[in-house]
């Protein structure tokens, strides 16, 4: 008779220390492990993610947006889109959920050190890169110019407007925003996000970090490559359905890769071919 | 004396299967109208059976009524096998009884606990009753669950089960599956006996009306799938002769079909069965009944509560006997050679005799179908009983009391209005 | 290597020895028209004579006069359902305090008789998948560790078999405790592990004739195979065909039903779901076999990445024959032919490779 | 906290789907603790016009009265869930939609003028907004419990729509198409029932309705190869879920292409 040792799928209990409503559909949960001993062992890299489990409902991958030095607190910015996220939106301070992680390969912060950093997000995807932005801002002297670009459909889609305003105040930081359609209080560009590339100067040693819909990333990468950014310096965060986050369930396969363990952050040079084909 | 005019309308009858309503019109000492209106929309089953292959019939007719699908399947397969001269094996015959036992147990337990007992004990619903009588309700739900599980053994699910076929069953449970269920039967038998004993302690209202009970009767067993049609006043005919003696009519005061036997209202169902077949009832059932010194009377519809509990115990014991030495056979169905002609059979649904007739063509397709469900047979009887009971109670009584009495009478019959084949929308006839 | 011989009549000796090591013994049985592994009750014997006929979308059993127990080639299952059950509980959580606990499962030591070479090859692929990562799958490991494997060399191949071309059969070379070669009147046995060897020690040695016969049989099984995959690594062929029209042509036939992935002994995709008690007091997390042929497999909010059957089939095919190389160092196909037989419309992976290859 | 209020409404049906609730066994009492069952005629409480959080609707719309009644149910409920084939696609009685059903009525009823029945039997969705649909004829307690549990957690229920074959294989049933050349509808039918028919060696007859991907062309061609006739094939789609879009389309395609 053989009995199971502890399963790698077993979450740990965490508590909501704080809940911040960022926009109508985005909220941040600040979490802390109940088990302090475990909390002390827990470490992560910017760009990694956790599996968050809502009691009785389900488990979903969510990036960590807080700084690695911010432990024991772990922040997750969650956008309400469907079943689990809708349920999580109801969590209050003091509520508990399950967490396991951290998983995956984060952003190449070491590579970006002492270089220019360009962060591009589009559509609704921005949580994964926020960790990188925060990381740089906390260690501003270690990095050169920081450029943040975001394209949205409607001005109202812009999450964290106030943060953009804050970020733009930080030295050597540039913000480029574009909305497909304008609005009264939209001081930024109206049009495609790619049109913004013509307004900025990109040094060839820029490290680019992208996150957003695959179509948007494809277009942006094309612009970057044309502007002589090295393929090895372009990084993107991929999304695929994820059930287990440890390379077991097979859902997150992207070509030969498992997004959960080989990604979610991939170097463009590595996935160039795959990205060109639809439905991979 | 003041002449009282009272109109009692119960727009939706609670705790009956399907939706029906009740209308009473009382003028002074006279009960002018007592109508059990059934406004279940017609689903036209007999029409869409036309053109269907005989193999589809069991799955189609099951959907006439979610409460007693096994009965519909059994009447259909027996009718068709009769026409095709199919000889079924002993195993099939026995397992069909087990399958049917499951439906009797489930249906009766559901009726007793969820529909009827709240009346006797004064609650609106079973969950409410469970607050004061948790053990009795839970026991009832367990018995009901076991009935369901017996059906599932052969049909996969208890509502619209899938295993029954013309010729036998599509498959058979494994020995292991049967054993798991078998081991629960003893407890079910004990609990059914307790249930019967408990119900026998109720003081049931006296009533003695004069009308016949009708059911199948079989030479050596309690009737389910086979037998001749018999009545408590001496009828004894083969089921093929049903149409010579029984007619369905639209009566002037109601638009629902009502079935009469030689112009008489009659009763089908557990009470009629128990009375007509008492010699084949399980010994334990008889012993308990004798000890309680109750003589079942077809003329007292309250006795059907007892009859249902008797049949639960009987069915649980019979299922146990039939499953005792279960072996999974090599073949679970007979080969069918189709033939054109008229297929007729009746079996005993939980609520009473369910009669089917099909005309089949040479390709095995249905040309015509006619189905007479138990509730349409009891309909005239229910209305007669209503008149009698309300008059006996006294028409001067307060409305609430009359209304409760009337509803309780109706529920005694466990009318299953969902067997909607023959039912019409009544409201068009209202003035 | 030492080869032993056990007459058929003496096989019960082996069963007896196995019973000392295993609580459960599984043997092939004919059930509902297919050979499946099922528990051998004490006193029960393995049924002789069963043989199957397979073709694309076809599988039927025939009872022959042969005294052989392993005349059939493959059944619908390999070892996958045993080591990786179709549905299993992963953990439980109590509402009170949101506390998580593993679902304790005790796995009986199981000896399984009649495992084919392709099944063993598939098992070692599953091992790599479930155990080779940074997060070994404990539930899989317990069941894997509980197995005692008695393999059997194929004396016959089904029309759907092509293990010769994938290099995985028809005779067992690795991953077993004991392997049998079945002759008319008995078995030539060899061990593949120390515990296998210790069980066989007492048996008598096989003679020349028996050994030659058993070798000839394997040759016969080899010669019976008509299907094959090309010998070369298919990565470059597939990777350059990702935008070929071939996928649409297959999609016209493919039902996206997932039968192929379910019977494939190496497919491992699964999904998770929470099943809470009605009263909400606790919940259990389950995983169950899933397939890359479903919408939900590639669903991310608002988008189904592989919304068309063409891309789903391509995913399956590409993963199996190309990406497996990157992930686990070899192709994910062991040549068992199950996906061919059990496809309701008879799509044949070897034929599709040939088509892609321009044949 | 106030318990959520629940109503179970019946339209044209066989009552079978409600039994998924009445057959829950002891969990029926748990349910009664969790929600306030304000209308459920078969179980006792009758208050059809009550305002509720969750309305469960069984049955299709087949009478003029039902046309009106469903609007009131919608107005009175926060969340409207349909259970079963009748409510979700129109049910088996939607077979009349392809016929002259007034003729059918007069064939059955001697005084057909009394019958107030529409010429069609249609899904609830065709009349009012529906928040979630549970497929199956009948739905089972497992589905209903999972649906209710999700609603009680405040999240939407899960739609199970992949092919029955996946569930069939999880049960380890040898496929009846492959072993017996039975024309099983499993590949085109959604999961939920637990693969009951193939478990008994019987071909699935699609009582759960279309799965997410319906390639009837390929499957019909295969079954044609087994000798299944055009009429037989049409009947298999034109069955319990006859009014489901994917099956209706399949019937048209078979009628058009079968003989090619």
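Just a few scattered comments:
Here the chain labels run A, B, C and D in written order, and each chain numbers its own residues starting at 1.
The criterion applied here is as follows: contacts are C-beta pairs under 8 Å (C-beta built on N, C-alpha and C of every residue); 3 or more make two chains touch, one makes a residue touch a chain.
This structure is a prediction, so every number in the text was calculated from the model and none was measured.
Note on connectivity: the fewest steps through touching chains from chain B to chain C is 2. Averaging Cα coordinates per chain and for the whole protein, the chain whose average falls nearest the overall one is D. Set against one another, A-C and A-D show the most C-beta pairs in contact at A-C. Measuring from the averaged C-alpha position of chain A to that of chain B gives a distance of 63 Å. For the pair chain A and chain D, the distance between mean C-alpha positions equals 42 Å. Distance from the chain C centre to the chain D centre is 37 Å, each centre being the mean of its Cα atoms. Residue positions 31, 149, 153, 158, 201 of chain D each touch two or more of the other chains. Residues of chain C in contact with at least two other chains: 32, 273, 276, 280, 290, 296.
Annotation for chain A: residues touching 2 or more other chains are 55-57, 82.
Counting only pairs that meet the touch rule, the chains in contact are A-C, A-D, B-D, C-D.
By the touch rule above, chain B contacts chain D in their complex via residues 12-19, 39-44, 46-48, 52-53, 56, 59-60, 63-67, 69, 106, 110, 114-115, 118, 123-128, 130, 134, 137-138, 141-142, 144-145, 148, 155-160, 162-163, 165, 169-172, 250, 255, 416, 418, 420-422, 424-425, 427-429.
Across the complex, chain D meets chain B through its residues 10-20, 22-23, 25-26, 28-29, 31-32, 37, 40-46, 48, 62-63, 65-66, 92-93, 95-96, 99, 101, 104-105, 107-111, 114-117, 121, 137-138, 140, 193-194, 196-197, 199-202, 205, 207, 232, 235, 239-240.
Per the touch definition, chain D reaches chain A in the complex via residues 149-150, 153-156, 158.
The residues of chain C lying in touch with chain A in their complex are 23, 90-91, 93, 95, 97-109, 129-130, 133-139, 141-143, 145-146, 239, 242-243, 268-274, 276, 280, 283, 285, 287, 290, 292, 296-302, 305-308, 310-311, 314-315, 318-319, 322-323, 325-327. Chain A meets chain C in the complex at residues 1-13, 53, 55-59, 81-82, 96-98, 239-241, 243-244, 246-251, 253, 255-256, 258, 261, 273, 277-280.
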